[in-house]
Every structure is written in structure tokens, then in C-alpha cells.
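Structure first, then comments.
Read from first to last, the chains carry the letters A, B, C and D; within each, the first residue is number 1.
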Amino acid sequence: MPPRTPPTRFAYLGPEGTFAEAALRSAVASSEGARYPHPSVAAALAAVRSGDADAALVPLENSVEGSVPATMDGLADGEPLVVTREVFLDVAFVLAVRPGTALGDVRSVVSHPHALAQTAGRLADLVPDVVPLPLSSTAVAAAAVAAGEYDAAVCAPIAAERYGLVPLVEDLADTPGAVTRFVLVEPAGALPAPTGNDKTSLVAVVEDRTGALLDVLREFAVRGISLSRIESRPTRDRLWVYSFSLDCEGHVAERRVGEALAALHRVCEDVRFLGSYARADGRENRPVQPGADDAAFTEADAWLAAIRGTA
Amino acid sequence: MPPRTPPTRFAYLGPEGTFAEAALRSAVASSEGARYPHPSVAAALAAVRSGDADAALVPLENSVEGSVPATMDGLADGEPLVVTREVFLDVAFVLAVRPGTALGDVRSVVSHPHALAQTAGRLADLVPDVVPLPLSSTAVAAAAVAAGEYDAAVCAPIAAERYGLVPLVEDLADTPGAVTRFVLVEPAGALPAPTGNDKTSLVAVVEDRTGALLDVLREFAVRGISLSRIESRPTRDRLWVYSFSLDCEGHVAERRVGEALAALHRVCEDVRFLGSYARADGRENRPVQPGADDAAFTEADAWLAAIRGTA
Amino acid sequence: MPPRTPPTRFAYLGPEGTFAEAALRSAVASSEGARYPHPSVAAALAAVRSGDADAALVPLENSVEGSVPATMDGLADGEPLVVTREVFLDVAFVLAVRPGTALGDVRSVVSHPHALAQTAGRLADLVPDVVPLPLSSTAVAAAAVAAGEYDAAVCAPIAAERYGLVPLVEDLADTPGAVTRFVLVEPAGALPAPTGNDKTSLVAVVEDRTGALLDVLREFAVRGISLSRIESRPTRDRLWVYSFSLDCEGHVAERRVGEALAALHRVCEDVRFLGSYARADGRENRPVQPGADDAAFTEADAWLAAIRGTA
Amino acid sequence: MPPRTPPTRFAYLGPEGTFAEAALRSAVASSEGARYPHPSVAAALAAVRSGDADAALVPLENSVEGSVPATMDGLADGEPLVVTREVFLDVAFVLAVRPGTALGDVRSVVSHPHALAQTAGRLADLVPDVVPLPLSSTAVAAAAVAAGEYDAAVCAPIAAERYGLVPLVEDLADTPGAVTRFVLVEPAGALPAPTGNDKTSLVAVVEDRTGALLDVLREFAVRGISLSRIESRPTRDRLWVYSFSLDCEGHVAERRVGEALAALHRVCEDVRFLGSYARADGRENRPVQPGADDAAFTEADAWLAAIRGTA
């Protein structure tokens, strides 16, 4: 397979000024490609599948809101795509107004419902008499404030900047430290090279019987592989069949990870590989146990060939 | 402990006309108690914690949107509460209008963003020229249509009925068959009696090491207990510590479940019990394995006492 | 149950002068009881079962010859007995002769076949022209030499001493360092008190299916209990049913061990408890893991009672 | 590697007339090779290692006496050998006398101590006044009776036949149905071809820590491989290091077995392969689970290559 060509046309969950755009800017210099906003995660993924975009940056999970079903389902179903990169972005909300607006002037506040939920306490303190109104995105809210339709928007700093607003209050979240994990998604094919500190994502569908999940986890444990995320979801159309969405440490190019995935492929109803990519949360994978690294696998191959008499 | 007193004052995620109210109506006859809408899941749970309500009905997970973080977190943190009942409700959206409005008259459509997301395809077919507008809930949308502010609302049948609207289109969801799982939450204390077909919910917090989740699952597996849901979440404030939200088959009053929970309490950083309650999804738990039922535990106790010489 | 009465009448695998007698002498001062030799392990155990003896000292395993089936089977079948003590004895063979016999005078050598096997190399060097003859025990061999029937016996130092012989050659074993593990066996009933460094022995009979043994071992592993010996044996009379003879760390009076044994009792075809007794091999058990000690179990009981509402 | 050459020179545990010779006769027609008795298991194995014999037939375990340490240790240490065949022989003892001897004439009985132990009850009934005498083998005993030195021998039917004796009493064992499992041992190298109903033997040496054996067994369980025998032995020279002698179902040429052995090689201190050979106990291996057969492994390889982009 030819080496991977870096993507140059990037779809993202728009409109302009969303956290997704901020994440994309942090990940890809503007000189490296063009960015196209899409109205939904599904639309951004469809653009990759159709070839209209080389890659899509979409949110996968948020430390406050949990996983993003549209992304989970969008990756699990349809033409195979793979994650080639993960990007973490601090979710820093600001209360954005037109220049000159003071807190006492704010009679209306708009934002996406999730953003309003994460700032409800602060808003009740700051503007107790205002009932916040939901709009379809934080960026749309910023645009509406810029247009003079409302007085203030809860949005990302990037949205305030893009729409000519100023941050009246920063760090507006009730629970500071929220982080959203975005993933860059590309067509299945050549993968990023291992970096030594990678993650692998997959979805495993298992028949529902006592211990089925335990059997899945054992395939990782016997090969010394740690999981960093797991989530069960009932499959939509099959009674008693569950799917598990998993992130594990390591790259599919590693022997231990490859053997574990092949084992799941053998024993599960279905396994979908969702990519191996550099870990970007600032942490290091656990050290690979002795006996689980590629050298140990290679040495064991030689030993096995010798005892089989096929060396 | 005195027997459980049935709750009579019910908080729910409002406003009136939400799916939560519909779920509550399906679960509790109006003669059995009074119902109070609350503006958020947190508010509904707070009403139970403060004693202003006996119980709260809140959404836990949706087959399309996934789990509801506000409920997950509201149960995992704060004063202990327990689930005493689960209620499943088909998410049937209607396009509700004032009597006399025809499809050709619809120039504006409003709803909660999640409802708009789940009906986007149908709406694009039905009213291709309309850009739907988000409001804070499907019930608020219905009220706004009733007030003449907009032409149509995507809402629950109960909301159309309550606000004097008529369903212009039924079964509006792009993916039919969506179901929301609500839970009735009460203060920790006396539990519902076992019915023979129960579920138990809990949150386990584990130190992050290879195999930690496997160890948690083994405690269930060795005692013949099936899991029906699992979800990992990074804890908000502790690096490398994960929490797992689990549903398992069985009631904590059963020996096998009690011993498994006690084992988790011993080996996990923290375990929060979230209730044992009748299974209500129309399925039967797997048969309890020989050796895992209460009679087997009682018999084993007697055997152990005999060999210990303490019989 | 009344406290355990120390045994005073000891059966052992005779005749006088065997390693079993030496082990019994090392374990029980002569002032503490009377010792009775028996012709076989079965006879010694039968004396305990019939009440003719309070306890029997019999060999369980040897570091060179492996386990002793007569003892294994004698404990696994028949009226229940328990091990109350283990005794390790270095197997030091001497070449015993009548006073005055020189190596060059030795024309015949006798011993038990196992002893001859373990000294075959040395004998071939020392007395290359002699074909050793088997007798029914090392002690019988010593007695026969004392009686003038043969020139030399391979036996225990105690046998040489008892029969008036002198050790012509000491440390006769080809592989030095052999150790035999003897066990003191008493009727089932009150057990030795825990010492903090105990072992527990048992036999578990399991239906033969893939993973059956794994399931047995998991009951120990989930409770943090290490095994120190395991041996599978096909059951004599039931096709496809295996029994496992196990030693684990800990005392049945400990919660973790008691719960593990009760679990095996629930899930196995049969479990026979063979006693808890002080570890005597000079090693310390692994430290009990946090969460596996009795305090953790007691605390978990209280927690469980609270969440069950039965506190 | 060149195909396996059938052995033609067979060593066995002698002398002539032992059960080992009987087993060898049942396994190999006399036209297929020459048979050479050896005085000990060690000597028979040494003959194979030195090239003096092509193969050795030695006893591995007995349903009454348990495993044979000399064989276990002889295979585990020294130059690698492999089992190429297993042979089961019913242990049918006869009371053999010279023609013309009646039961009332028997004043002395001789045999190997193990044989005397297994027939002690019947002998006590048949010849209550006789104290049996041990000799070094059942065959030696038969020869001694033939020579007129004693009146009766407890031996194999083959020994009676070979030494011109007649069976005065047949089926002499106290517990009928005893079976000895012999193994044919050859130099490591080309293996017998898989038959579809094979066993594989090995010795795994593991560091002694809680759960070490569980980890070993998991490598078989995750690949759907059943064990048919397991035995732990302390290693002779290393404190806290155990070795496990195992038989599992399947042939090392099968993917599942090969991968399990390679995994053990990676995670254990040491693994010694002791051969794959046709199962001969009259039983069939458990059916290979879906997902564990070679076709499933091959298919998973192709899948893995595709997701790795190396197909």
C-alpha cells in the first residue's frame, strides 16, 4: 500500500467559530490545508466518504457531556473510516458581547443548550433576571449577537474573535477544566506510523451472554494491553446484541495489538477497526510489559517454528 | 428499617408536556400522586434531596442519543439517591400544529435541538424551505406554537394534546424505534422488594492500571451475574482514575449480587450503589446458574460453618 | 464446638526407623504422646478414623518422587480427616552397616526401591559390583542388616541409630537437598487456630469442560489468594470428571479463604476441605492485599447492610 | 525439515515382561522394530539422547499411583525430547505360579512394591498367612518364581507367559480398572502429523506470584483450548519458582495451539515443548469452538493485514 498522503481539505463541524474549528486550527496550520464547515457531524463524515474532503474533525467525547453519539454512530456504521489523530481542546466559554455592552445592559443571552447547561450557575449569578435562549450552536449565537439580535452569547473565544465581539466574562463554565476530545477522521487505508505512544480505537459487537464482555477484555489483558475507554451500547436492530466502543493503548502495527484485534475478529460477531493514532492527551502509555513487545513476539515466532519443525 | 413508603410527590424534568411527563404518566396513575415539573435534571434531583419531592423521574439514556450525563453525574455525586424503578418510553415525535394549519402553511418549525437532530431528514422532505429553530424543550416548542409564535413544533404526542395542538405528521423520527429509559429516583433507604427479574445499578471508581476493569468484571462473572450496560468515564478531578457506570442483572438482596457489590467495595477506590429495581424493558434476566442462587449460598454457608467448626 | 484437644496417640507410617518416625520425632516431643507404627498409610489413616489413634503422620509429597498417591487418596476418600500440621524433613540417606564393616566388605545392599533409585549413582560408584536388593522399607532394610542378613542398608540416620548400625557413608543421595513433606492428620472437627502464616488444603471435583479449572482458580484469584500446589487427577470412576488437589495460602477462618471455599462448594461437583494449618516450610505467605483482609470484609459487610437497608 | 523417519530401535523400561514391554508390544508390531530393555527410565531416555535407540517407551502416569517422577523429570531436563505417541495399558495383575502349583501351596509371594500395594487386599484374602516380599520389578519377580526361588509372583500376564508361569488368579487388583499411560519418546524434530484428535504436552516454569498459574491457563482459555492434565511441581533449585506440567487438547501445528505456546514462551520464565501426538485414550477432543479453528485464524490474518494496510 502506498504511504499515506497528508490530507489538505478538512471538513469540520461548523459553523465557523465553533470549538471544532478552534480544535482544527490548533491541530493543522492554515498553510497546510483548507477548512470547510459542515452543518452536522454526519455531513462532515459524509464529505470524507464522498471524497469531497480528505479528513473531518469532529467531537468524540466531552469530559462533561460524555460521548457524542453522532460521531460514535457515524464511525460505527457506513463506509469504513479511521481516526488518524486526536485533538484535545479546553472548553473555555466566554460571555461575548458587542463592544460597549456592559453587564448591566444584558437583557438576553443565547447559546447552544449544552453550553447553557454548563454555564447555568454562573449565568444565574451574573444575569439573574435573564432566561437564556437556546440556538443551534455557540457560533450561531455569537453571530446573532453580532447582528444585534441578542445582547450576549455563551461561546468559544474563537467565535467572539471571529464575529467581532468582546469577552465580557471569561472562564464562564460552572465546572472549570472541561475538555473536548476531537478526532480527525480519514478514509480507511494507510495509517499513521507508530510513534511509541499511540492509541487504537475499535467497536466490537458481541452476542449477549454472561461473560461476553469479560471475554473481550481478556483478549487485551492476556497481551498486556490497557484500555483507556469503554462504553457499551445496545445495537439498534438486534435484540440481545451489544456493541462495545473501546480505546486501548498501542498501535495496530504492534504485534500485541494486532494479535488482540485478530482474536476479537475471530470471537466477536463483528469488529470494526477505527484507527491507530498518536496519543495526544499529554500522558504516556503504560510501559509495555516484558514479553509483550514486538521483540518478544518475534523471538516467540522463531521458537514456535523450531518446535514445529518448520524453522 | 421500616418498609418503604410509596412516594406521592413526583418531580420530573419539565416543563409539562415533555417525554418525562409522558413517562411518569405511564408509570404512576394520577390518583397516586402529584407531579411537579422542574427546569433541569439537577433541579429535579435536588428536590428529592431537599425533601421537597418524594421521587424524581429523569431520563437516563436514549437509544439514539446515548446516556444523559446530567443524570449520570447527578446520581454519582451528592447525597446518595437510588433508582427504584425504570420506565421505557417510545420516543414518538409528531409535527404538531394549531388546528387548521396545513403542511403547506408551515413557515417555521421549532423544537429541542436533539429532537430536531432526530427528525432532520423527515423535516427536510416535508418542509424543505424551513430552517428549524431550537428551543429549550419540545414542550416549550409546543407551547410557543399554541401561542401563535411559530407554525409547527416537533414534540411528544402528550405535548400536542396538552397545548391543544393536532399532530399533522406522526412517527416523525428518521430512525424509528428510539426509546428513552427513564428512572424514578428516591432517597437512599428501603429498597423495592425483589421481583425475580431485577436490575442493579452502580458506579465503581478504580485506580487506572492494566486489568483494573477486568478485575471489576470478574467479580460479577465468578458469581454468575450478567451485565447489561457499562460505560467508563474519566473522573473529573483525579488523573488516571476511571469510574465505571454499570447495570447488572439481579437485586442487591440476592446473595450473589450482595457478595459481588461487597467485593467491589473492598477492591475499588469507591463504589456507589444506585439501586435495585424491577426490570422493565420487557426482557427476562438470564436464568440464575446452579450454584449462584440464594439456596446455594445458604447451603454453602452451612458447609463452611461445619468445616470451620463453628456450626 | 469445644476447643481442640491436643492429640496424644500418634500413628505413623512404620516400621520404626522410617523417615516418618523421624519427622514425627521432630514435630512432637516424646513426652507429649505415644507413637505407633503402622504398616501402610492406609492403616495409619484407618487408625485415626477408628479412634485407635488421635493423629497420624504420613508423607504427602517428596521433592524428588512427587506426591504420595496413598496419602492423597486416603485423604480424599472415606470419613473426613483434616491436616493440622505439616512437617518438612530433609531426606538424608546414609549407607548403614554393622560396626566394623568396611566399604570393601560390602557384598549386598538393601533398601526401599525409592531410596535405591535416589542413590543409584552413588552406589554404583561406591560398590560397583553389588546389585542392590529392594525391601519393603528403609527401616526394614536396616533391621535386616542388623540381623546379619545383608551387609549394608540405605536408610535414614534414625534407622541406623535405632538398629545399632553405623553410617559408613552420609549424604548418599545423588541429588542432595531432597525434602519430604509429611502431614499430621486428625479427625475433622476443631481446627488449629490461625497463626498468620497458614496454608489450606482441599480437593475440588469439577465437571470436565473447557475452562473448568480456570473457574476454580478465579475463585482464589478474585479474593487475592495464592496457590502453592495444584495437581489434577482423573477421578477413578467417573468419565470426564477431574479432581484437583490444591494448597492455598491462608486459613479457612479468614474471610477471604472461607468465601473462596464456599464459592467452590457452590460451583464444583464436590469440594473436600483437608485442613488449615501453620505453614512450616520456612517461608512467609505473600502479604494479604489491601481489600482482602478480614477488616476489609467486615467493613464491606457493614456497607452492604447499609445499602440493603438491613443495617 | 525432512519428514519424520519412523523409529525402528525401541528402548523400554525393562526387564523383559514388564508392563512397559506389554505396552510397547501393543503399540508396535514386532516386525516394525527391535526392542531393548533398560534398567531405568533414565537409562531408556539416555539411550534415545545418545542415539543408541530411536525411541523409548516409558510410563508417564498411572491411574492409581499418579505421575511417574522419573519420566516427568527425565523429559523436563536434559536434551529436548518429544512425545510422539501415547499408549494406554490396562494394569491387569495375575498371581503367577509354576504349572502345578495350587493356591494352598503358596508360601511366598513376590513383586514390585507398587504391585503389592495395589493387590494387598486380595492377597490378604487369598494367602492370609503369607507376608509378600518386594523385588525390583514385577518381571524380576516372575523370573524368580520361574527359577523356583519363590512360589508366586504378582505380575503382568506378559511376564507369566514369558517366564513359563501360569496365572493362578487373574484380575488381582484391589481396585480394578487401573490404567497406565505410557509415552513413546523421540528426539526433538519432525513431529507426527495432526490427526484431528491430538494432545500437546509441555512444561511451563513461572515466577511465583499470585495469579501466575491463572495467567498461564488464560492463554489456553482465550484460545478455546481445554487442558486434560495439570500438575505443579516446585523447581528443585530455585526458590519460589514453580513448574507446571500440562497436557492440552490440540496439535502444535494448529494455529490456536501454536499461538498459545508462543504466548507462554513470551510470558513464562521457561517453556519446554514435550510433543504433539494422537490422543489414544479412546476419547474425542472437545469440538473446536467457532473462531478457534485454523480457518478462523487465517481469515483473521487477512482482516488484520487489510486494516493494517499491509494486505
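FYI, contacts are C-beta pairs under 8 Å (C-beta built on N, C-alpha and C of every residue); 3 or more make two chains touch, one makes a residue touch a chain.
All values derive from a computational prediction rather than experimental measurement.
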In the chain contact graph, what is the shortest path length, in steps, from subunit A to subunit C?
2
Distance between chain centroids, defined by C-alpha means - subunit C, subunit D (Å)
25
If you average the CA atoms of subunit A and of subunit D, how far apart do the two points sit, in angstrom?
58
Which integer distance in Å separates the CA centroid of subunit B from that of subunit D?
60
Which residues of subunit C are in contact with two or more other chains?
218, 221
Under the stated touch criterion, can you name all the chain pairs that qualify?
A-B, A-D, B-C, C-D
What does subunit A use to touch subunit D in their complex?
1, 188-191, 215, 218-219, 221-223, 252-253, 258-259, 261-263, 265-267, 273, 291-292, 296-297, 299-301, 303-304, 307-311
Mind pulling up the subunit C residues that touch subunit D in the complex?
40, 63-67, 69-70, 72, 112-113, 116-117, 120, 133-136, 175, 177, 208-211, 213-214, 217-218, 221, 224-227, 229-234, 236, 240, 244, 283, 286, 289
